[in-house]
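Before any comments, here is the structure.
Read from first to last, the chains carry the letters A, B, C, D and E; within each, the first residue is number 1.
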Amino acid sequence: MTWRSRLGLGGPAAVAVLVLVLPLVALLLRADWGRVLGDITGGTGVLALRLSLVTTFSTALGCLVLGTPLAWLLARSDGLVTRWLRAVLTVPLVLPPVVGGVALLMTWGRRGIVGQHLTAFGVEIPFTTVAVVIAETFVAMPYYVLAVEGAMRGLDPRLESIARTLGASDLRYLRTVALPLVVPGIASGLALAWARALGEFGATITFAGNLVGTTQTAPLAVYVALQQDPAAATSLSILLLGVSVVVLGLLRGRWVR
Amino acid sequence: GSPSTSTDAPPAGRSTGASGGPVAGTVTVLAAASLTESFDAIQAELHHTHPALTVRISYGSSATLVQQVNQGAPADVLALAGEAAADPLDASLVRSTTVFASNSLEIAVPPGNPGHVTALDDLARPDLKVVLCESTVPCGAAAATTLEKAHVNAHVVSREIDVKATLAKVSLGEADAAVVYHSDVVAAKGAVRGVPIPASVNTDLRYPVIALDDQPGTRAFIDAVLSPDGRRTLDALGFGAP
Amino acid sequence: MSDRGLDARIGLSRGRLRLDVSLTAQRGEVLGILGPNGGGKTSTVLALAGVLPLAAGEVVVSGSTWEKAGTRRLPEQRRVGLMLADALLFPHLRALDNVAYGPRSRGVPAKPARVRARAELHRVGLAEHADARPAQLSSGQAARVALARALATDPDLLLLDEPLSALDPETRARTRTDLARRLADYDGVTVLVTHDPLDALTLADRLVFVEGGTVSQVGTPAEVLREPRTPYVATIVGLNLYAAQSDSRGSLTLAGGGLLVTADPTPGEVWATVSPHAVVLHHDRPEGSARNAWPMRVSDVTLQGQSARVSLTGPLELIAEVTLASVAALDIRAGRELWASVKATEVFAYPR
Amino acid sequence: MTWRSRLGLGGPAAVAVLVLVLPLVALLLRADWGRVLGDITGGTGVLALRLSLVTTFSTALGCLVLGTPLAWLLARSDGLVTRWLRAVLTVPLVLPPVVGGVALLMTWGRRGIVGQHLTAFGVEIPFTTVAVVIAETFVAMPYYVLAVEGAMRGLDPRLESIARTLGASDLRYLRTVALPLVVPGIASGLALAWARALGEFGATITFAGNLVGTTQTAPLAVYVALQQDPAAATSLSILLLGVSVVVLGLLRGRWVR
Amino acid sequence: MSDRGLDARIGLSRGRLRLDVSLTAQRGEVLGILGPNGGGKTSTVLALAGVLPLAAGEVVVSGSTWEKAGTRRLPEQRRVGLMLADALLFPHLRALDNVAYGPRSRGVPAKPARVRARAELHRVGLAEHADARPAQLSSGQAARVALARALATDPDLLLLDEPLSALDPETRARTRTDLARRLADYDGVTVLVTHDPLDALTLADRLVFVEGGTVSQVGTPAEVLREPRTPYVATIVGLNLYAAQSDSRGSLTLAGGGLLVTADPTPGEVWATVSPHAVVLHHDRPEGSARNAWPMRVSDVTLQGQSARVSLTGPLELIAEVTLASVAALDIRAGRELWASVKATEVFAYPR
């Protein structure tokens, strides 16, 4: 790389890195390191982290199972319906999470458009761990679908022509060629969605509530701790970051270049 | 109770507000979410007496506000729900503290009271979904105290991050009952119904207003809160005398 | 009708090209498709495979209708094999699994599919590369794997779009022979698109020339070699071709200028051909029996194997093929002036 | 498409669509349509929306100017530094937004690791509109960088070989070939980042406060309204959704297939 | 040294291939690189372009050192033109702007760059496609645009990796002639990788054969035509090649079995060649002067232009080239048994 390009690109890139990294540095600098271990192992932190891992991996699974077919269908058609569907999918990104939580209550809650019918069968979703997964899926799935759709659109369409003439149905082509080839896209989509779910706060607390062991995920525990004991909150945040960096590192190291 | 000061400064406002003319400049106020309606009204009144004074109010949960001040948010006035909320506040930032209102607890139920809640004891019923404030929030701490006094082991399904979120669960009908402030039931304007809690087990909260500097605008705002007009506004919205 | 292997009319639009091509072939026949770039060869192949839908026409293979107004079999419902000019291997599969993909997709169990795949790889000389990933293969190796893959499903219609174009000559010769042997065993129809006249002439039973979206000439290699009908076809078969007006005595007036005499008169509008081998070059005006003789200038000389092709301009454009010995003897080089003669018995004329 | 693939893929895809779309339907069904127009034009809604548009477009611009070079540098190297940098970039995704806000205060606040030096020059960032942009950039830029990096990695490296031998420096190649070819990736990265910024709540309210006209963005206004007047909050949310669908629709219609 | 256009030793590893190739050329010379698939031709070209770094060796062009242990010029700092086998046009630019990209990048203002680009497009017969996007071009059209683009920067070193492989024969012939004319004007060095012997023989001044990462033979086309030294090279030039042991009287014992007599003895280990044209076919055992005569069986017959190539097996493997008339007269077809003879004067032997 020449000096001109080092400066021309390196300058803005360095600013970008600073904007993103300085707050993390501050968090680490201000942490009360003597207490971190105690904060993490004691109290509700461990419970919250376990719940977070369970719910976020369920969310990732949900994205994989439900989001992959959706991404595939979106990638293969360019009709008006597809375009609108794609626009609508980005809505949960824009919805303030708290509003998202309210919308989820309006849907799955006791008086919600779906929930009122579920209540008749004795099924009530809010305030349960299932509600946490629904809330996380609601906010995270769009990231997954958009990432995977993009990867699928990048496939050479002639590969499908070849596979089809070799006798593969579109499902078989999807399974044996398209999916293996978009594994990097799926992995980064999963990484994005999982990370978004791990940090999810507003929709969860609004829709699922905040009960230790059942619906209090790590971000909720951090928030609660922040009000009382900022040092403990910092410790828990650092743990959360550590876990996410390890999981994302493993995911990326394995599947993403 | 009577106004109490926790620092060396004299009760700031009254004298200045009475003696000085209209004040100019900007005053930034951080106020607990439960004060939204009252402080909006007080801000409007203040505009008549000090038209050149710009008042900027940022509402949030008391604990967050304290965090912001500790981390160097440029604020002049801090108004919190409950004196305990001020505990984490960096004392060196405080110029004066004045309690300006009080609030008591009440059970909020959805209109129509589907859970048939009539007394505090009902909150222990397992068929009932009860939400409380998180124990770190002033209303949660107060509710815990009250339930303990009444020996009620409430069937809690969630501990919400602030009193407004707690109330929302009831007004949306997701929860059958919540323990909130009386002022919140008033502010909800019929979206929830109140079920009183006997004074014997109730817990009062005293709301402090804290000056973070000595600028004239700061004093003007605190004076307005403490003024008879301010008092009337707070009364109308369900707050008790300090 | 029952031994008709292929009966198709392909009508569709692609960009600015309007394609309308009819193809028929008996079972076991190899149909060579040739034509200039952009003429619609690949589009024809894709339409036969079911990848491009027809706007008009129909495709009938071995008696079953694959496509017709309104109804359309999907590619996987057609017994078709396709190989495009790019190898397009599945990049995540080993060479062996690429070749086994077709049999597996058509229901063959894993083990026999691999055995078959290994055999096909062996036939294209890549047995020892069975475990290589496509990224580890050179372009030529990849093309051979793609060929093996297309051949592994025993299709009723085999579509090869320039299958040998990425191969080096040695491999190409070997693969061409193997392909010819393979196609001889094969009782389906093969459609072979190629730019290489040698591929076309040696592999195809019949040639179809597609130019500008339509068929410009059809015939067996021998017919086409004898009587090319477009300049493109003449280039392919290596003949000099002239559009001419013939009188009844065999005197031809060329459309591009110049005169030519043939021993075998065909009055009217004709095509006339002269083989480059039949052109004799001389230092001076030739005496004797040659009734066609012109002063020419050499515009280009190229070596081809053990002989040389000499491009000449003069009263007409002419290409001569001479031995290297003649090149040395006549000191043939670009710019040289000399005489060219052609015997009237070497000028063939046939109606346009 | 065959019936088998319609069922096999259509089923899960339909569930995915329902999970994402039902809450929006509920929001629209429960809105008090008679009031929507009044709620939107009266009160602080318009102010908040204007502020949201100003800050989110500033954020998008910041992502474009700072994030594009970063994405480019990440896409071109595979060293250990790059891998770690990429892992660290995903951290703001995972950080609960409120913690992010605290970390921003620890960085740019009066006592922050950078802010304390700025204060010496009379510059105070918290509770200003600039703080809103910083908060939004902090949460949104990772989405942009990851999307654009992915698109840039999809380019055929031989195109660069050709461009370089034609005399183009790497900067010129970036400008004249790589960027035009990843315009769809940039557009969808911008869409993601812009949408994420538009919905940003926790970091903003913590770092920038909730001051009408200065730092109260639309999601904050929705949150405040939600406590006082849920119907007004719904109206404002619907406006927010409308704006975002229009903007994303325009962006995608123009640049994305 | 100053008229040395190219002086390079390329040492690098690519996958399992260890490449070590030395290339030298005078200014204005065209170096043809041939070799089997995977031999390292493309890798050599990429190393010269500065895209693949050298592990060992150096690259000196027109007296300036482009690469040497430790120092390395970037591709854009080399005056080099590159065209790969795929066209690799910039898909967002019109054909004209693709061609103008090089001049623009090297500082030519927009207007003259376009004029130049238009001229280059005209030379490859695509003047009327100047405004087309790459997606609207056929593969052959795209290849021609890529050629025009590589030629538009007047590089000191022009690297063409199978530049004509996607062209149809007519266009290829035209482009080959144009390329030859173009390269004649050009005073830099051209490195031309090709699979097509015709391209190599007609365009290159010297040929370098790269097999398995090393140079197997170097020489002018005439030298190579006369004395191929590997089976690959023999295939390229269309000769029958045998490794043999010669005694002093001209009797050759072939390594693969069989005996051959030459009129021009070269004792020791030799290569022996026989031109397919020199092979005469007979119904019965030939009488007369031919000292080499064997009973053979026809394994394959292919038409090539106006003649036929006949592959024969017997005491040795032999390819004969005969006229179509002979094919008819002798009823030559696969499986037929007949005699082949070669005059001793047509057998050339030279030291191995």
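Heads up, the rule we're going with is that a contact is a pair of C-beta atoms (placed from the backbone, for glycine too) under 8 Å apart; a residue touches a chain by one contact, two chains touch by 3 or more.
Since the model is a prediction, treat every value here as computed from it, not as a measurement.
J.: With a step meaning a move to a chain it touches, how many steps does the shortest path from subunit B to subunit C take?
T.: The fewest touching-chain steps linking subunit B to subunit C number 2.
J.: CA centre of subunit A versus CA centre of subunit E: separation in Å?
T.: 56
J.: Please compute the C-alpha centroid of subunit A, do the same for subunit B, then give the distance between them in whole Å.
T.: Centre-to-centre distance between subunit A and subunit B: 35 Å.
J.: Identify all positions of subunit D at which a residue touches two or more other chains, and write them in rising order.
T.: 2, 98, 102, 106, 112, 169, 226, 230
J.: What positions in subunit B touch 2 or more of the other chains?
T.: Where subunit B meets two or more other chains at a single residue, that happens at 64, 67, 168, 172.
J.: Two or more other chains touching the same residue: where does that happen in subunit E?
T.: Within subunit E, residues 74 contact more than one other chain.
J.: Give the pairs of chains that touch; include all such pairs.
T.: A-B, A-C, A-D, B-D, C-E, D-E
J.: Using the touch definition from the top, list the residues of subunit A that touch subunit D in their complex.
T.: Residues of subunit A touching subunit D: 1-2, 4-5, 8-13, 15-17, 19-27, 29-30, 65-70, 72-73, 78, 83, 85-100, 102-104, 106-107, 112-114, 134, 137-138, 141-143, 145-147, 150-151, 153-154, 169-171, 174, 185, 188, 191-192, 195-196, 198-199, 201-202, 218-219, 222-223, 226, 230, 233, 237, 240-241, 244-245, 248-249, 252-253, 257.
J.: Provide the residue numbers of subunit D that touch subunit E in the complex, in ascending order.
T.: 156, 158-159, 161-169, 172, 176-177, 180-181
J.: Show which residues of subunit E lie in contact with subunit C when the two form their complex.
T.: 15-16, 34-39, 42, 85, 136-141, 165-173, 176-177, 180, 195-198, 201-202, 221, 225, 231-232, 235-239, 275, 277, 300, 302-306, 311
J.: Once bound in the complex, which stretches of subunit A touch subunit B?
T.: Going by the criterion above, the answer is residues 102, 105, 109-111, 126-127, 205-206, 208-211, 215, 220, 223-228, 230.
J.: Could you please specify the touching residues of subunit B with respect to subunit D in the complex?
T.: Of all residues in subunit B, those touching subunit D are 28, 30, 33, 36-37, 56-60, 64, 67-68, 71-75, 164, 167-168, 171-172, 187, 191.
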